[in-house]
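Next come two complexes, and both contain chain A; in the first it sits with chain B, in the second with chain C.
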Partner chain A sequence: MSAVSVFGLSKSFGHLRVLKDIHLPIETGDFTVLLGPSGCGKSTLLNAIAGLEDTDAGIVEIDGADVTHREPSKRGIAMVFQSYALYPTMSVRKNLSFGLRVRSVPRQEVARRVHWAAKLLQIDELLDRKPSQLSGGQRQRVAIGRALVQQAKVFLFDEPLSNLDAKLRTEMRVELKRLHKDLGATIVYVTHDQIEAMTLATRIAVMRAGRIEQYATPDDLYEEPATLFVAAFVGSPAMNFMPGRLISSTVHIGSARLPLNGYRFRSSPMNGQEVVLGIRPEHVQLAPEGQLEAETLFMEPMGADTLGWFQFGEHRLSARLVPQVARGLSGTVRLSLLADHVSLFDPSTEARL
Partner chain B sequence: MTTARRNVRIGRIGLYTLLVWICLFFSIPLLVVISTSLKTSDEVRTFSIFTLPAAPSLAAWIKAWSSACTGLNCGGVRVGFLNSVRILIPSVFVSVMAGAVTGYALSHWRIRGANAIMLLLLICAFIPYQVILYPLVKTFSTIGIYSSLPCIIAVHVIFGLPVMSLLFRNFYAGLPEELVKAARIDGAGFWRIFAFVMLPMSVNILIVATILQTTGIWNDYLLGLIFAGRDNMPMTAQLNAIATTSTGVIEYNVNTAAALLTALPPLIVYFVSGRYFVRGITAGAVKG
Partner chain C sequence: MSARLPVAVGTASPPSQSAESVAVAPMVGRAYRTRSRAAKIALVPTIAIMLGFYYASISWTVYISMTRSFLLPIYKFAGAAQYERLFATPRWHVAYSNMFLFGVLDIIGTLGLGVLLAVLLDRAVRFEGLFRTIMLYPLSISFIVTGLTWQWVLSPTIGVQHFVRDLGWDGFVFDWITQPDRAIYTLAFAGVWHQSGLIMAIMLAGLRGVDREIWRAARIEGIPTWRTYISIVLPMLRPLIVTCLVLIAIAVVRSYDLVVAMTNGGPGFSSDLPGKFVVDFEFERANIGQASAAATVMLGSMLAVISPYLYFELARKNR
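After this line comes the complex of A and B, so read on.
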């Protein structure tokens, strides 16, 4: 059974349609990330699931029950906010227990759950402090703790890590992953950071302008992006794109020919159709018998590997190289594109072919 | 170098001389009132108002407080003081709390037409009292509570509400929206969020609102005169009655003592809470 199901959800702010007929089934135990640039509607969708935002059309189901018109507190959800939204006048302990006290949970049970969450998040030392006496990372833990004590069916996270510095963010990412694994909780998580999405998610919904462009596992999303937008948005360094023409299962790009062996077409393109070929930097390799002849431009060392930039005709191509090889590189080189890993898109519809 | 420094020093002396003169200019009326209140009636009549009392005495203060006459009643301003307190406490409490709730509702809950309500409040805040006095009198007498304690309290609450609501709305608009969302998810409703999340954060603004309302309501004369009724005349109205009583000799020393007694409560409030006042006003202003 789905933990959360969204059917045909639409929402407008005045004339601006922020959600357009969204369908999103989320399985129990999934870590679903809503990923997209700012203004794509991902936070609005999360708020609609939470019940903090009224919707114009559509149904939200949580744990099999239609909750479309229920109050947030009656939906069996807990939420963590970007600004943490801790109650500034209450101690950490009071912050954690507020929701339980509102619901008149017996006092011993409140104490037990607060103790459990504090232990799990390693904030038991801080229980008597006020939020203003905590660091950013500690506040984040308290905010997560406040959600955990609810023992909700679904946890909603609205960009919870974006106010932390880079190092702390990586730490909290690991922490969240551990929590998800330990608790087996269903999580819906909003972010604009594709690395956060790739590392945390079991499924990612990439959103753009109020629509879900693709809803798939991180691997599928990375290897077979459904649209040009997804291909460009996911992956760092970004995918290379080159326009070409498809003639009898071979992509012609300028003078180069790239035969496609075993490309899984989703549609049946016409012979001679214009295409956009996308290939990730790690699938561009130096090879003496490579299909393309290109000029070396410059190298970007990234530690574990080096990103090499090359000029091929009017296109600029990047390739992920072994640092030792990249160091001595200059002049004209031959590059090979791994045909098994290319993605082809229709330039007019931007959809994967 | 030295001439420059000397010029600066001369400038300073000039500045301070000016400031001292300004201070004197503004404090002279107060000093005259204080000094007059400490004199005897004879002293007031025989000497100039600037002469200091020969033997300062609190006799006039005691008379003003407990036995000065307004018409046939000779109970001093004490009666008015108690009336003012009875008007003040419920009026301040109700108007501040009503303003806080209104401000909270307008800033954190999507209310249909919230902007229109805000505009109305803004307009109401600047309407002169005199314009709506007569309709208000008619309304209250129709309801049947005209000239009573509830009537004057209701009037103060009505007149206080626009400014109070604006003050609190601006303060609450500066608080993050996510706080209310978090509390809603925690299961708290409109009133519980107000009582347990918003109010505890509002200490400074509550103090500001209380000061504003306390001084405003205490110093009110017109509304008290019109709406309170004969038995509930506030201290200001009674002070006026004492000062304008035309029978016998005018006792300036008693009149000034009564005036000082009437002005004392707001002064004490300012001295005690000035610090919070400045802090609260800026907090509200910057965040609004």
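After this line comes the complex of A and C, so read on.
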């Protein structure tokens, strides 16, 4: 059974349609990330699931029950906010327990849950402090703790790590992953950071302009992006794109020929069809017998590997290189594109071929 | 040392601030010193005025209250004689206790009504602009006009009582302003009417500044709206509430024009307030000794009420 199901959800602000007929089934125990650039509607979708935002059409089900018209507190959810939204005048302990006490959960039960959450998040020594006396990372833990003590069926996270610095963000990412593994909780998580999405998610829904472009596992998303937008948005450094023409299972790009062996076409393309070929930098390699002849432009060292930039005709191509090899590189080189890893898109529909 | 002055203002800087001032020190140079000198020179007139007119006058008043001055100042020290006489004056007792009664009613009424109006406006956003203007309007009227208007409205012969009787309820009585034991309440009522708009505006600005995600978090946790206000949002606005409290308290202590216009301290001395007492003794009865003693007691009471509160607030902030 799905933990959360969204059917045909639509929402407009005046003339602006922020959500367009969204369908999203989320399985119990999934870590689902809603990923997209700002303004794509991901936060609105999360708020609609939470019940903080009214919708124009569609149904939201949580744990099998239709909750479309229920108050947020009656939906069996807990939420962590970007600004943490801790109650500043209350101690950490009070922050965790206040909501439960208001809903008349017995005092002993409250104490038990607070103790459990504090232990799990390693904030038991901070329980008597005020939020203003905590660091960003500690505040984030308290905010997560406040969600955990609710013992909700679904946990919603609205860009929870975007206020943290880079190092802390990496730490908290690992922490979140551990929590998900230990608790087996169902999580819906909003972010615009594709690395966060790739590392945390069991499934990612990439959104753009109020629609879900692709809903798949991180691996599928990375290896077989369904649209040009997903291909360009996911992955860092970004995928290379070159326009070409498909003639009898071979892609012609300028003078170069790239035979496609075993490319799994989703539809049967026409002979001579225009295509956009996408290939990730790690699938572009230096090879003496490579299909392309290109000029070396410059190198971007990234530590573990170096991103090399090459000019091929009018296109600029990046390749992930071994630093030692990249260091001595200059002039004209030959590049090989690994045909098993290319993606082809229809330039008019932007969909994967 | 002088270079560190701008950071260490308030001299008794807490440990956390002194660390900052050390960090700032390296960027301090000659240019900075010149600039700080210019700033100090610019402050001289203000400081001179403060010292000359404000603190010197206060000191003079306090000293005169300890002499036997009557019509003209006499500078021979006479201890607490004026105070003994002051506290033997029945009118002073009425005025002084009225200040507390008026103060408590005015503070509770103004703060309560102001906060309540702000919360209501914060909830029902629709006519906010209109309501805010209406509620703030009384503040643009002087205390004199406020006092006169309410005097007319509350007067039994021309105001509400007269109006209701004309409608047919012949037995209707509403004459608090003419009753010695009730007149002070009408003063408090007019004070609340005059000031609650200001408190509302200040509190509304504060309420609007509260992070929306706090409200969302509370809603998801199922905390009712009224509970969110009382337990979460209003405690967050504590510094603003303190500011309002100080504003109202100052208005209470200095209130003179309202009394003069509305009841003129009457009937008898029943609605007298210390401000009016001081002015009457100083200028009408030409008794500067008694007036100074009364003024000094006002100052002392004010300090006694305000200072523990300020002390706690500052201590909280420094912690």
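Criterion: the second predicted complex is superposed on the first by the 353 of 353 C-alpha atoms of A that agree within 3 Å, B and C clash if a C-alpha of one lies under 4 Å from a C-alpha of the other, contacts with A are read in each partner's own complex, and residues count from 1 in each chain.
Criterion: a residue touches a chain if its C-beta (ideal position, glycine included) is under 8 Å from a C-beta of that chain, and two chains touch if they have at least 3 such contacts.
Given the structure is predicted, the values throughout are model-derived calculations rather than measurements.
After superposition onto chain A, the modelled positions of chain B and chain C overlap sterically. In the superposed model, A:Cys40 makes contact with neither chain B nor chain C. By the touch criterion stated above, A:Leu19 is placed in contact with neither chain B nor chain C. When the two complexes are overlaid on their common chain A, residue A:Ala226 makes contact with neither chain B nor chain C.
In the superposition on chain A, A:Ala205 makes contact with neither chain B nor chain C. Annotation: chain A residues 50, 52, 71-73, 77-79, 81-83, 85, 87-90, 98-99, 102-103, 146, 150 touch chain B in one complex and chain C in the other.
Partner chain C is touched in their complex by these residues of chain A: 50, 52, 71-74, 77-79, 81-85, 87-90, 98-99, 102-103, 146, 150. On chain A, the positions that touch chain B within their shared complex are 47, 50, 52, 71-73, 77-79, 81-83, 85-90, 98-99, 102-103, 146, 150. The touching residues of chain B, when paired with chain A in their complex, are 176, 178-179, 181-188, 192, 196-197, 200-201.
Across the complex, chain C meets chain A through its residues 211, 213-214, 216-224, 227, 231-232, 235-236, 238.
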